[in-house]
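Heads up: the structure comes next, in structure tokens.
Letters A, B, C and D mark the chains in the order given here, with residues in each chain numbered from 1 onward.
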Amino acid sequence: MQLNVGCHLLFEAIAPSPLILMLRPRSGLGQWVVREEYRFEPTVSGVEYIDSYGNLCQRLITPQGTFQVHTTATVETSDAIDIEPGAAFVPVQELPDYTLQFLLPSRYCQSDLLGHLANEIIGDIASAYDQVEAIRSWIHTHIEYRYDTSNASTSALETVKTRMGVCRDFVHLGIGLCRSLTIPTRMVVGYLYQLKPMDLHAWFEAFVGGRWYTFDATQPEPRGNRIAIAYGRDAADVALATQFGPITLTEMKVWVDASESIHS
Amino acid sequence: MQLNVGCHLLFEAIAPSPLILMLRPRSGLGQWVVREEYRFEPTVSGVEYIDSYGNLCQRLITPQGTFQVHTTATVETSDAIDIEPGAAFVPVQELPDYTLQFLLPSRYCQSDLLGHLANEIIGDIASAYDQVEAIRSWIHTHIEYRYDTSNASTSALETVKTRMGVCRDFVHLGIGLCRSLTIPTRMVVGYLYQLKPMDLHAWFEAFVGGRWYTFDATQPEPRGNRIAIAYGRDAADVALATQFGPITLTEMKVWVDASESIHS
Amino acid sequence: MQLNVGCHLLFEAIAPSPLILMLRPRSGLGQWVVREEYRFEPTVSGVEYIDSYGNLCQRLITPQGTFQVHTTATVETSDAIDIEPGAAFVPVQELPDYTLQFLLPSRYCQSDLLGHLANEIIGDIASAYDQVEAIRSWIHTHIEYRYDTSNASTSALETVKTRMGVCRDFVHLGIGLCRSLTIPTRMVVGYLYQLKPMDLHAWFEAFVGGRWYTFDATQPEPRGNRIAIAYGRDAADVALATQFGPITLTEMKVWVDASESIHS
Amino acid sequence: MQLNVGCHLLFEAIAPSPLILMLRPRSGLGQWVVREEYRFEPTVSGVEYIDSYGNLCQRLITPQGTFQVHTTATVETSDAIDIEPGAAFVPVQELPDYTLQFLLPSRYCQSDLLGHLANEIIGDIASAYDQVEAIRSWIHTHIEYRYDTSNASTSALETVKTRMGVCRDFVHLGIGLCRSLTIPTRMVVGYLYQLKPMDLHAWFEAFVGGRWYTFDATQPEPRGNRIAIAYGRDAADVALATQFGPITLTEMKVWVDASESIHS
């Protein structure tokens, strides 16, 4: 399906403030960026760089006062995500070098402390794909999706205790549990069609059976029409806006609409 | 200035053919991609990767028959390029690691064979910036810009003999001469406002005085309003379309227009 | 000074186990690896790769039973580390892209939660170098170096509470505090001459005044004769041995001796 | 087999000269560096960096006068290289991104001009591995190995004409021919046991059947006991010593000996 998506951010800056944004999706497996727009109001000079995960990052200094970021995109996506029940565990020694970093604990995913719970959840399931799916399903069932129960500092360990959170908490817990089983797992932030309520979203990918598969613990069933914006070890790597100064994000609007194809 | 640019390619493929394109500019120093569009007709699945120079490359397989690539972009550019007469040579031992590869000879730039000519051109000029400018000026004066006198295999060495060529030949000669003086030099392909006749263009950048500066031997004077699409050692690295199959580029259209700002 | 260093690891494996090691120092600023040796007993096939921080990592599968890793090196080091009181804060917008990742919170360094303490420590100190030094000194004074009070899961936040730990805890706290002040800070593991008791060591580097400077909160005064083995965001990135299987490190021996130069 | 290898370079510098060396092998597939030594006489400060091919490069400034580089290593190697007659061509669209750069023409390998000869050589051979082997064999048969018939500027195209050259010329021709068939091919420099006369050596690797295979046109038959030092597109990328100043390499000594295992 072709999607029209957008994200509009409104900041108030008491003084000029450095800002790092990650809001430009790249064309990748299963998504092609047909059109995009990215502008600032007032206009400032931005520079783009590529981080160690291959994400496009935008650096700039906001002026004092009101500052707006408008990004929109039209993206071809897959209607369904690939699933592969039964896909096998990849032994560490056969993992591609690049995936190894996604085995390590990270700021919000203390996989070094979550092995016990992970083993309880998977029981005697043998296939790595099915293990990840069991973890995803367990989170979907046991963690309550509720706003204002977590914040930017909440980690997987805390979510295990409170059993509440939002998509990023679901992701951190999923990642922490999978990594404790030596399955490389990474965070993805992006857009999801028909997400309710609409917002930027987060999910995770696990490397099993020789490739990355998508898992989303907030959803009852596998769903496609996703647009990835950024990949990382956890939310510390993929913050869509990192601000360094007396600046406040006062408004954020996100939309994802089905598009009339511009080809027809 | 804000520019509206575009490139339209028309291919005829006798059979499905792999194609690698480099047609998506990135936001960088002095240019911000406000809007872009990139689509294929008929629609095919493309994937994008980042090469070792940081360029965005698009991979795809064309279907049999007619295949069109449409790319357009609206880009904020600088009206002028930075110049810095007197800027000093950076001793090899102080060059950033990344720049060292741009000292080596490459397919079309046999810097190992061009030192004699380079030294003739620069005479007793001391500043590295001024040396590069002398080389640029010498090429502008001594090489005739003429179509159909060179081809995809023509190297700097041949251009020295024929004294004729197009922008890519001017670039290769400039690069070869500068590198022979141990000045890191790289090729840039992109758009130039008011280029006559309009086409995709190529110029080079030299690393002197601690940063990259832009030089264009096809132009009588420094000119801004350039949009870089890709960087590399020479044309072998920055081919905007590399095809692997029975496919022919039958038509190509390029445009660069001043834009009414979309902010107003 | 030229140092002879070595690390000897003894593992017991109940079954063949994948192992990732980071034990090969590279020649870098202020250190030149004159000689090194790296072997396994029994002999196994290892493969080396470079991680995203530029560290050399060794991958292998241990056999069942006793497995030994012997690494030794002779390295030219600087007798003193550079210090630069008064060195200025580098504004975010002027930081090299590469350093930006070292501003983010990581597994053991919750810089997002440590800003209050950091500001208390630095008071009205203006220079970034002096701020980092104040943090280093505060840790040296307020945190007690004591074994068996922390473990592989202990984070900076916990160390603030317990006020006890070992070198890695000192590092994590230093990093967390500095990053909360928007100073890029990274962990280094390696060897330190005349460390008592001798062991592998950890310290941190802060990016101020346009370059990285070394800080070590376990030491009363700046000391040179360090050999860096690996760099990362925190201990999750620079574990010298990461094991994935039923394998136990049963013995570890580290030595650092002044060397008679092999040149003479 | 375990090999003891070494390379000794003697330079005479009229003035201090920057030097870039690539003389430190890394542990990789089929080779493990058990021990190495790398020193300068007189002692100077070197710094090491990793180039875009993953090679370790050493930067330094030589003093005026005589300057010596001593490198030795003990390396575990494979007695035989893998061969795989019948291994299939990998279609461009399935090649890993990393290999694509090894399809392009480069300084000494004008693959854009060698397609005709390549097709003559392979005739109706279908398997990509067998095509590369045919090319290797053709070079071995048709190009005469003779010193002083080529130099640092000689390219594949010239070797086709002169039908004479040394190992680097054999490699360039092999690479140029294979790339013209859309087979990724790269140059390797290193040590070969029992090479006669002993020297540093060069061979090439082709990516067929999903992995890199080793080919050496200077040898009548496949031989193992090779130690790779550096990889690149051609000799421009893998010069073992690149000098920038009034400095001359006056002596070079290379040795490769079977080693008594240091484990026994």
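Methods note: a contact is a pair of C-beta atoms (placed from the backbone, for glycine too) under 8 Å apart; a residue touches a chain by one contact, two chains touch by 3 or more.
On a predicted model such as this, the values are computed, not experimentally measured, just so you know.
J.: Select the chain at the greatest separation from chain D, using centres from the mean of Cα atoms.
T.: A
J.: I'd like the Å distance between the centres of chain A and chain D, where a centre is the mean of that chain's Cα atoms.
T.: Roughly 43 Å, centre to centre.
J.: Which integer distance in Å separates the CA centroid of chain B from that of chain D?
T.: Result: the chain centres lie 30 Å from each other.
J.: Run through the chains and report each pair that touches.
T.: A-B, A-C, B-D, C-D
J.: Report the residues of chain D in contact with chain C in the complex, numbered from low to high.
T.: Residue list for chain D touching chain C: 26-30, 32-39, 41, 43, 45-48, 50, 54, 56, 58, 76, 262-263.
J.: In the complex formed with chain C, which residues of chain A make contact?
T.: Residues in contact with chain C: 18, 20, 49, 51-52, 57, 59-61, 91-93, 97, 100-101, 103-107, 109-110, 112-113, 152-153, 182, 236-237, 239, 242, 244.
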